[in-house]
Structure formats: C-alpha cells, structure tokens
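All chains are identified by letter, namely A, B and C, in their written order; residue positions are counted from 1 within each chain.
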Amino acid sequence: MLDAGVLPSVELSDAALVDIVLKGESEAYARLVARYRDRYARFALHMLGNREDAEEALQDAFVRGYRSLHRCGDPARFGSWLLAILANRCRTAGGKRTRHERRFVSAEDRHYAIALDHPADASAWREEIARALARLDADQREAFLLKHVEEMEYEQMSVVTGAGVSALKMRVKRARERMRRMLTEGEDAPTR
Amino acid sequence: MTNRSLVLFTVALLCAPVALRAQDARLDARLDARTRDAVVALIDSARAEGIPSEPLVQKALEGASKHADGPRILTAVRLLAGELGDARAALGPSSTDAEVIAGASALHAGIAPAALSRMRASRTHGSLTVALAVLSDLIARGVPGDTATTVISALTGAGAPDAELLRFQQGVERDIAQGATPAAALGVRAKSAFPSAAPLRTP
Amino acid sequence: MHQHDDLDAMKRGDDVLERVVEELRRPLRVNTALFDARVMDEVLRTPSGLRERIASLMQPRTFRVSPLIALAAGLLFAVAVVGSVLYVLPSSPRAARTATRTTPGTAPGSPIVQFGFAAPHASSVALVGDFNNWDPKATPLRAASTGGVWSVEVPIQPGRHLYAFVVNGTVWRPDPAAPKATGEDFGEPNSALIVADQGMR
C-alpha cells in the first residue's frame, strides 16, 4: 500500500486526467476539481456578487462537467470547456434570484473585512468595486472579467461565451468605460 | 385492590423491568459489573426525575468504546445527567427529549439557564431543538456566547423555521472556514438576516 | 486647459481600472475540503448506469488497475483525511431521493443522512455515534471503487447527535468539516450533527 508521503509529485495533464476518468476512475475527477476550483470560484464570485450563488454555480458546473465529460471535444482544453459551462451557469443563476441585499464578500485570503460599523478603507474599496460590477450588464461584466481578470484572448473568450470577437470587444470597451465612470464619479470630476 | 387494577399492576410490574433489561443488555456487554451497576443506578434516578435516559446510556457506551476507565465513565454520565436536569428545569416540563438534549449541550457550552428559559418563552410554537443545537455549535466554533445567544434568540423569536437556522449556521461556518473571525462571521450573517436592523457591533 | 482636464480624467480613469483589475485578480480562498467533498459526492452518486455508459463510450472497461492510475488515485488526497457531512432536511431533494433506498438502520422512517469520509489508504472506515451505540462494527462505510471517498447512508432521528469515524478499527477521527462537539469525549473528539424534524417549523 502506498504511503501518501512517499509518492513523487506527478502532474497529470488535463487530457490525461479526462482520459482516466472516462475509463471509469471517477475519483480522478477530484484532481480536475482541485485544479480549477479556486480560479473559477473567483470568476463565479465576481460574476454573481455573493458567495452562496457562486458556490452553487461552481458546484453545479463541476458536476455537469463530469456528467457530460464524454462530450468534451478537446480534453486538452478541459479548462476552457468547463469555464464555458460555468459562465452559462452564472448567466442562468443571475436571472433566477432576486436578492434584497447584494452583499459583496471580500476576496481577501485571510480575513473578511465586511463593512459593518467601522469599514476599513480597503474593504470600502472592495465594496465599491462590487457595486460597480453589479451595475454592469451581465454580458459586459462577463466579458470584462474574462478579459482582464482571467486574462483571456478574445478567440478563447469567443469559445467560452459563444459570442463573436467584435461583440466581445465592444462589451469590454463599454464595461471599461462604465467602470471607469462609476468609480471616479465623486472624486474631483472635471467641471465643464 | 380490584381484580382489574391487580391485573394492571402486574402487567406494569412485568413491563418495567423489560425496558431496564434492554438497556442493561447493552451496558452489560460493554461495561464491567461495578461500573455498570453505578451507571444503571444513575440512569434510574435520572429517569425518575424525568430526565431522558438514552443520552446517558449512549455516553456510557461511548466511554466503553473509547476504552475509558470506569470512574471516568461514571463522572461523564453524572455530569451529563446534571446538565440534562438543568436543561429540563430551564426549558420546562413539557419540553421534548430532543430539546432537553440540545439544551444540555447549550448549557455545557456556557449558555445561562435563564437564556434557555427566555428562548422557550419567546418561541410560542415549534421545537427549540435545532435552535439550541445551532447555538451550541456556533459557540463551539468560537462565536462569543452572548452574541450568539442574542442572535439565535432573535431569530427564533421572529419565528425563523429550522431550515433557516441551519442555513444560518452553515453560512457562519463557511465564513469562518474562509478566514473570518467567528464574531465577524456572525455579525455579517445577522446583518443579512435582518437587513433593516442596526448592524451588530463586532468586538 | 479643457483638454488637459480631459486627459487627466482619462489617466485617472485608467489608473482606477488598473487598481480595480489588481483587486479583482486577488486569489480567492475556498474551503476546499468541504467544496471538493460536495462535488465528489454528487459525482460518485451519478447513477452507475450513466457512469458505465460514459466509460463504455470511450474504451471497454478494464478491471486491472494500471500503475499509472493507482498513482493518480493515490495522489488525489495527499493530505490529511477529510470528511463531509451533509445536513439533511426532509424537504431537500437529496433526502427525498434517498429515502426509498433505506438501509437497515436504527430508526426507520427518520430522515436519511449521508456521511462521507476520504481515506484512500484505509482498509476500513466505520461510523460511530449516539445513534448506533458507538459500536465500530455497526455501521461500516462503503469504499469507492479504487479507494478514496467512503460513504454510508443512515436513518437518524431528528435532534442533535454526536458521532465520529473509526479508521482501520482503531483510529478515531472527528469530522473535520463538521462542528466540534464539546463535552466529555474521553479524549477522542466528536463531531456534532443536527437532523431537522419532518414537518416541524
């Protein structure tokens, strides 16, 4: 029996793991979950604005990914394929819920600085960003996050979202303009 | 004594030891005779005071499975019996066994009996079991007792159903697991449960 | 000067965007044990018919585990054992789905709770608690096909319960993802479980 501490570290590629899973070793899917979980949690959180929805969308996406794994055209691009599923989940999740209060949850590693009585500057800033993001159209928010946070190329984004490259460029441009405006309003705005 | 009451009396006499014997069988198999006798005596007097006996039996069996020695098992059972008794006193004679068991864990966590009585008074219908269990678990996670009691009491007083209490607790746990201090996590959750209320002060 | 103001505004805007993106790129910390366990629980509960179909679409099933696969499976949980317990409400879809597949339990008709525990190198995992007399022989967990996640479903009466896992017959472990139970635990910590009552508010 192998001891966990004695194994050398072997990085199996996405394609290799997908292959293993499809051959019947379902547990290997956990490796893929671990590989993409944190990064995609960030995307889901920024898309949906609250932790519960983000976690549900992410969990749902991973499970759907498993169940339709045989339909993943290019196992080497499993990550993009999964992100497309997640983006889709986020789009439907956003529409379903109505929340009285969209609380933004900080993405900071160690400590949730939620503005209660005494907001620290840093958390106030995070709240502002979250509010601004929430005011974008879902399409614009998605494009903005994929381009600037996930740092994708437009061709990749097109595969993930199903939208054309020029449409995506327009969305990103609009998102940037709106974010810029929302977050500099109230500061010394130029007087005309 | 009439014939009928004689029959009933005999039947009662025959039935009672069966219940005792069932418990004995479990304890017999796992405890040495001396410990078992002492535990059974404790359980009998507890039962006579209306305290649920099953948690006491289970505590003894737990000790046995974990290879604890007799005196330690006895102490644990005695302590639990005391907490169950206090919980029953605080929650009232009409409380269910499940409420009393959850109440005992809340007392063990440091909640004052008076707080339990207040919760009983504010929860006009429905069980307090889940509320008390959630309270115990929150405190075990490090949430300050006063704060936790205030929030859970407010929720139960407002008629929050069990499902909501459980979701509340799961939410707090997730926050803590992701790095929030327990008090802050509770404060956040309480804020979302009462969007119009004043935010709780976090120490 | 008019133009100067515009350029300044634009530059300020770009600076702001840079800060925004920097903030949004910060990594998020997820409760990995809990999340992974929930996903894998769903994955492993995918009806075996569907899993068979998925597998057979690619290649014929082999029953010999190649060294590479064994290596991969062993690496999956190369950290401390993790576990997850699902709070089951009778109204949740999960409870309703599993209610028909009753396993012999101590309280038939009660809500069914599923326990999961990851221990890829264990030879046995048992559930013990105040609902099965703390008997390590009473409720063994089933291992997944190549080891990894062990699980069992048990009907448990509503209320607050204490439980733990016993690995390989001797090693007691609480559930890392569940609340700690306080109280005398005889030196081996327990976990707490709340089972909600059916139909009660």
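Please note the rule applied: a contact is a pair of C-beta atoms (placed from the backbone, for glycine too) under 8 Å apart; a residue touches a chain by one contact, two chains touch by 3 or more.
Since this is a predicted model, take the numbers as computed values, not measurements.
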| item | value |
| --- | --- |
| Identifier of the chain whose CA centre is least distant from the whole-structure CA centre | C |
| Most heavily contacting chain pair (counted by C-beta pairs in contact) | A-C |
| Gap in Å, rounded to a whole number, between the CA centres of chain C and chain B | 26 |
| Computed distance of Cα centres, chain B from chain A, in Å | 42 |
| Shared interface positions of chain A, touching two or more other chains | 55, 108-110 |
| Residues of chain B touching at least two other chains | 174, 178-179 |
| Multi-partner residues of chain C (each touching 2 or more other chains) | 29-30 |
| Chain C to chain A touching residues, read off their complex | 5-6, 8-9, 12-14, 16-17, 20-21, 23-30, 32, 35-36, 38-40, 42-44, 46, 50-51, 54-55, 57-59, 61-62, 68-79, 120-121, 144-149 |
| Residue ranges of chain B in contact with chain C within the complex | 26, 55, 58-59, 61-66, 68, 72-73, 75-76, 79-80, 97-98, 101-102, 105, 108-109, 125-127, 129-130, 132-134, 136-137, 139-141, 159, 161-163, 166, 169-170, 173-174, 177-179 |
| Partner chain C, residues of chain A touching it in the complex | 1-4, 7, 9-10, 12, 17, 19-20, 22-31, 33-34, 37-39, 41-42, 45-46, 55, 58-59, 62-63, 66-67, 69-70, 107-110, 125-126, 129, 132, 145, 148-149, 176, 179-181, 183-184, 187, 189-190 |
| Touching residues on chain C, where the partner in the complex is chain B | 29-31, 34, 87, 89, 91, 128, 130, 133-136, 157-160, 162, 172, 179-188, 190, 192, 194, 196-197, 200-201 |
